[in-house]
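What follows is a group of structures, each given as structure tokens.
Two complexes, one shared chain (chain A), two partners (chain B, chain C).
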Partner chain A sequence: MPERLRQALPSVLSVLLALAVCWSLIALTMTPGTATAAYVEMLWGGIGNWPAWLNGAAATVITRPLGEAAMKAALLTLTGLSVAVAFKVGLFNIGAQGQMILGALAAAVVGAHVSLPAVLHIPAALVAAALAGAAWAGLAALLKLYRGVHEVISTIMLNWVALRLVDNWLVIGPLRGVAEGGQSITGTAEIQATATLPRLLGELSRLNLGFPLALLLAVVVWLWLERTRTGFETRAVGLGAEAARTAGVPVAKRTGVAMALAGAMAGLAGAVLVLGTEGRYPGTLGAPYGFDGIAIALIGNNHPLGAMGAALFFGVLRAGGTRMQLLDVHKSFPELIQGLALLFVAGRMVWLALLRRHEAAASVASVEVPRA
Partner chain B sequence: MSLEDASLDVSEGELLAVVGENGAGKTSLMNVLYGLYQPDAGELSVGGQPVRFKSPRDAIARGIGMVHQHFMLVPTLTVAENVVLGREPTRRGLFDLERAISEVAATCARFGFQLEPRARVDTLTVGSQQKVEIVKALHRGAQVLVLDEPTAVLTPQESDELAQVMRGLVAQGRTVVLISHKLKEVLGVADRVAVMRRGRVVAEVRAAETTVGQLANLMVGEGPRHGTEARAPTSLAGLSPAASRVEAIGAALPEAAVPIPGGQVTTGMSALALMGGVPPGAATERPVPSSEGTGPTGTVALAITGGTPLEASSERAPATSAGEALLEASGLQAVGDNGRPALRGVDLTVRAGEIVGIAGVDGNGQRELAEVVTGLRALTSGSGTLLGGPLAGLTPAKARERGVGHVPEDRLRRAVVKALSVEENVALGRHTRPPFARGPWLDFAGRRERTLALLEAYDVRPPDPTLPLARLSGGNQQKVVVARELDAKPRLLVVVQPTRGLDIGAVAHVQAKLREARAHGAGVLLVSLDLEEVLALSDRVYVLFEGRVTGHFTRPDYDERELGRRMLGAGTGHA
Partner chain C sequence: MLRLHVLALAALLCACSKKEEPPPAGAPGTATAQQPAKAPIPVGLVIDVGGRGDHSFNDAALRGLELYAAGKRYEGGKYVDASPEEIRQSLPPFLASLSSSIQPLPVKPMVLQSKAQEDYAPNLQLLVDQGAQLTIGNGYMLANAVRTAAQENPKSQFLLIDSQVLDAQGKVLKLPNVRTVLFKEQEGSFLVGALAGLVTKTNKVGFVGGIEVPLIQRFEVGYRAGVKTTNPQAAQALMAVYTGSFNNMAAGKQVAQDLIAKGADILFHAAGADGIGVIQAVKEARAAGKSVYAIGVDSDQSHVAPDAILTSMMKFTDLAIYQATKDLVDGKFSAGEQVVGLKENGVGMAEVRVDFPNKAEALQKVDALRQRIVSGQLQVPAVPGDLATFQAAAP
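Showing the complex of A and B:
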């Protein structure tokens, strides 16, 4: 499918260019040998140290790094989906971070304060997180639809509201956990064992149910957008709201539903973080996966599967980034690569224009079909 | 395409009005004059000297100022700042506001404008903002001032004031070119009126010797129209649209109008002359397009031989036996986008098996009427029945369910989504029903099959359903829209400007499909600014003026003079 390939090409080129630029930076400040070695370390740190395993090391040299990469990829996939889904309906969701914070809190509360068997407890916590994220995004959608507030402004502001509300009040105030000895701890109470996402490989790695869940959701969202009536309506609204309205599509409803779905995805990212890795809502949520989601969605061309691919790639790089420290290379290089790739993708119009000019030279005549 | 061999000249100290229907080329002509468009052929001279404007900057340097329909002002700046913007007085490299204010005050005083230079533009009324635009042009030394539809946004009082301003400028030796389609107003203020039609200046008349009715006739043209318009013969496909239209005007010039005799009318010193379409040198004799229509440019107006006199009566037959009422409305009122009443009590009926045309000058409520019937605009008052349900509370989705098809005016905004594929656009609006959907899922196979069949039946090129719609030409896009709407077998089809901007082949195709829909028993509500199209297709015609029905004509009793008068408000006690 050449059209699909052409759509993906700018992203791939951007990532390769970012890799090359970062390699050059390391090579210039250290040595080219170090740069290459650091990249190799990063790779083994992300996909597992296969050579070591072949040399007889334990299987954990592969499963541990892969598990870490998968968990990062799961979070990036979910927040990337959040931004991508909003994009499909024509909204720029900068608020995935805030939606994720609310989702994480909801998962932590349900995980700690509700008692259910695991088959119900995990879904209940996940649904709570999705609803919390959806509600938070829904606020932005309502402001947009009924007050004309631009969603970029409202979601940015809602991020700060979420942060202050949760980190600066709820978590250190009403929802503060109490340790068994009676002394206070930071963050909310530990979630119950029944709410913990089961590890898929036992002690071999931290890989848990969150990863297949994220991948499944990416495929479901893609199928929904491409194959269903409502998904089609959502895309039509994003690409031509007035034409969609004329065609009888309920534009406000589609916009609201898509934005709520975006919030739900970000909320689920929070749940996966809390139920899978943290075990409770920590004092502060830390990693800004919500903001990473913007980069992931854009690098993935706002396509659910594209976002998933970008998330897998950067999950690997970022899991492996810590191994670069072995060579005195700072561990934040993977994030720098991600940032540069985003910058280059933002120039995708330039990429496409270059491609088009190249093609136009070949086929000027076939573009405009003469007359009816 | 919008200008074809148009010639015009204006003398110093004269107020020339340019009138014509929408799309007649008025604005294009003025844009050539202002350096926004470059003419393909022809010449432009100012004060007797040939000039060539590459940009508005050149035009301004030659003393031509333009006041656009949409103001080009910075709302948060003051009057003085807006006027000097682009050539600000400076003192030691910094903007000298005090000098700007005094200079602008001087210009205002000189031409008799009452404007406060320190006032912020966004605090001014629309009429005052327009004065700022005029002062801006004068401040830059404009000798020739072009005003494009200046009264479209003004209240009647402001319009009167503007008329005085224009007369005042002319009295001071400036030249004013006024573009308008408000004929009464034009006759009240202009010295001379140039009438444009289909890209040509078809007549120039002295305002004092002309009536509104005569001007209207000149604007819309008269003569043996039905049946002469070129339709669809595929053998014409290679010709440019303009070239294959039959001009049928000459015979229609009423006595009182003064057609230009062979050459230029030059009153006094020619301040500005514009000879369009004709290569310099060949322009000594300017043709008045006549029914023979042979111009010196090689644009041969074709007499269509074997051109099926389209209204071959068999095609028209179903009209007389129109069936049940599909749309019955009375007292419809609605508000336009600008917040003003656009429909002020419209009564109309559309029956099965007839094409009902809505004629009128642009902006008299036609667009809003179509939007009301398709559920896009809410009624503020009035009632009606549409296909068995109330007209009040209609939504686009309900309208579609009841069997309303819609070919909207603004194709790219309303009818299609450019970035979606051709087949997705074919499904748009019908994507919830077979063969486009099965339950909640889209039916790709059914959609593909139906799309291919439609592309074939409507001769859409290229017939590739997966192509993004944006890659099709405008005519082919419109065919996709018409194909989609007709394929839904609508009981009532609302079409607005269905052939605007299409080439002759596509025009014919679309018109033929509308007749076919009628033959199959659908009712068609046709809104078009092209009066010829309305008359050629419609069995009945309502004339809208200022949101009211001012005339109702039934084929074959189309008295075009009377129609033209009604379009301009005659017979209502309003004009």
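Showing the complex of A and C:
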């Protein structure tokens, strides 16, 4: 079996097992028919209801679900990249959520309070978000490099600082949007039209520029890690900091840059959320995509393209999952599938052992070194 | 060619799962008043991240649609028929007469719980696509999502609770297919204020607000006016504090403890979860031997601390949702802005379940005030500026 396939297999099997377990759970609490119907609903809600379209329904039965799935996939890809990049340099970035919050706020402020033509406004807001996220992650990197504070501790704590700072003060205090006649509104002022990410299919769906941007970044990050000297050095630091230092790699610099890049990715996720669909920093920022990023990165085996693949899959699942409610299936099942998949991926060694035994049984003499 | 392949694939998929398209959902976009008389009319409701079972805002909306409009109870993931007795029990005593006018309507509730802010718009859209003739957005958090959905689906009707629709510049936007319902919180707050003025022994009462926005100020202004009417001395000494949040119990508790330490013996809160902290502080002060009461908000919060809750200022979003659904069924649904107060049963004072000296007399006085507001003799101020000139004869 090719090495690359072997690496991906535990993730795929874990996801399939999670799907099977959740199907059984629904089937046990309701009926097998309902469980199957719910999965089919979820599929149509994620990739579009093709049968309905072929039966003559409007194109929106396909474009809307695809747009929602793409939107979620874009956010998950970016936060997944954030965690994966930090992993490559040997850091566990639990702080993607906080970095995303800062990025979202920066995008909302630049989007609302700066006047520029669209060609400059969108990049300006995106860059601001990336810088904000990078700065927030940079704090954790500085603490790590100069004070030896473990990044897991510092990023978790910085998440809370970000949440309190932004959600509990800035957004309801100095930056709160004001409506005419003193109507109460939630969140910051609405961003200007020039800062809104253009929709790729117009009125047909909410699919916007954020999706191709996320895919592009995944490929760029992958190329950087695999095909450049600095990327190689970054991976070398992750595999063994002391060995890398001995070999002349500037460990502190690579660590700082990788962590800042991780923060920038999470910050961009916030920007895509604000500039793409919300139009402002909402009263409370969306689902915890930053924490989902950890799951996405792990299921994607900390590979940029793996994270992208996992994000696409779970984007479809999450977008379609809402439809399960139409059959009175609880709204939490898509998250449950993701959580179970993560749990099974964590049992990676078990999968690998099982696979090895299977191959041994097939009497294929393997000379590959087992990977942890 | 591609289409053919897809068709084959689809046929295959459909063959193994016949159930995925329940017939009542019908084809999207064809659901405009052409339903046969007997098919229930689909009505959609999007509730926020609090979800089902919050004992407050979302549950009130669900009650309006499921129990009142559809006559159903949600139990273990399924709808079961509810008895008229259940409807009667869910209404406060002074609205008991309404229970006969609340009759199950031929509607099919479709409820979507949202997992995140960005799910509001697609959830509204999904309900429209599923054929909902009326789609309800519960709460001002959904104002933007309702705006988007209403503009993109001009043939569908929408109901937005607790907010107007605003455009990007924050100006009020009138859409031809959206009914918005606002509540005169000041009127209900006036009544609980009047009661507080009669019940206080220290002649000091307090108000704990969440975020100081006009919506919450309406609670404070009405409350102040009520206290002023029955107890001018207490109105002079009224202490109002805003916690600056709606989800920080600790802040509410701390503020309430301060107010109690300063001598306030009745605290009215309009502060969401912060208010739970207020009620806790009152409960603890009572345990320490102080005679203090809290006044709840939105729902009858008596069950949170039966001894400590004097009454609650209730907002009947459930009745507003029932009314809109009934209007739809009767073919009388109209867009526009509804503002409901005491007269329209939009707000009200919950039953007083605790005992205090001269209870009957106090309740009589409050009821007299209620009647004067309902009849229009008494105008309750809604903004702080009108408070200074407000004068009402004591009952």
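Just so we're on the same page, the second predicted complex is superposed on the first by the 349 of 372 C-alpha atoms of A that agree within 3 Å, B and C clash if a C-alpha of one lies under 4 Å from a C-alpha of the other, contacts with A are read in each partner's own complex, and residues count from 1 in each chain.
Just so we're on the same page, a residue touches a chain if its C-beta (ideal position, glycine included) is under 8 Å from a C-beta of that chain, and two chains touch if they have at least 3 such contacts.
Keep in mind that what you see is a predicted model, and the values were worked out from it rather than measured.
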Which superposed partner A:Arg229 touches (first chain B, second chain C, both, neither): first
Partner chain in contact with A:Pro250 - chain B first, chain C second, else both or neither: first
First, second, both or neither for A:Pro198, with chain B first and chain C second: neither
Which of chain B and chain C A:Pro123 touches, first, second, both or neither: neither
Which superposed partner A:Asp328 touches (first chain B, second chain C, both, neither): second
Contacts of A:Pro32 with chain B and chain C, given as first, second, both or neither: neither
Touched partner set for A:Pro212, first chain B, second chain C, both or neither: neither
Superposition-derived comparison: chain B or chain C, residues of chain A touched: C
Doubly contacted residues of chain A, that is, touched by chain B and again by chain C: none
Chain A - residues contacting chain B, complex: 226-230, 232-233, 235-236, 239-240, 242-250, 367-372
Chain A-facing residues of chain C, complex: 3, 6-7, 9-10, 13-14, 16-17, 19-21, 25, 27-29, 49, 51, 77-78, 110-113, 115-119, 121-123, 125-126, 129-130, 140-141, 143-144, 152, 163-164, 166, 168-172, 211, 213-216, 244-245, 248
Residue ranges of chain B touching chain A (in the complex, touch as defined): 237, 374, 376, 395-397, 399-401, 406, 408, 413-420, 424, 427-429, 431-432, 437, 440-442, 444, 459-462, 471-473, 475-476, 479, 502-503, 505-506, 509
Chain C contact footprint on chain A (complex, rising order): 29-30, 33-34, 36-37, 40-41, 44-45, 50-52, 54-55, 57-58, 60-61, 64, 68, 71, 168, 172-173, 177-186, 189-190, 193, 203, 206, 273, 277-279, 282-287, 319, 322-323, 325-326, 328-331, 335
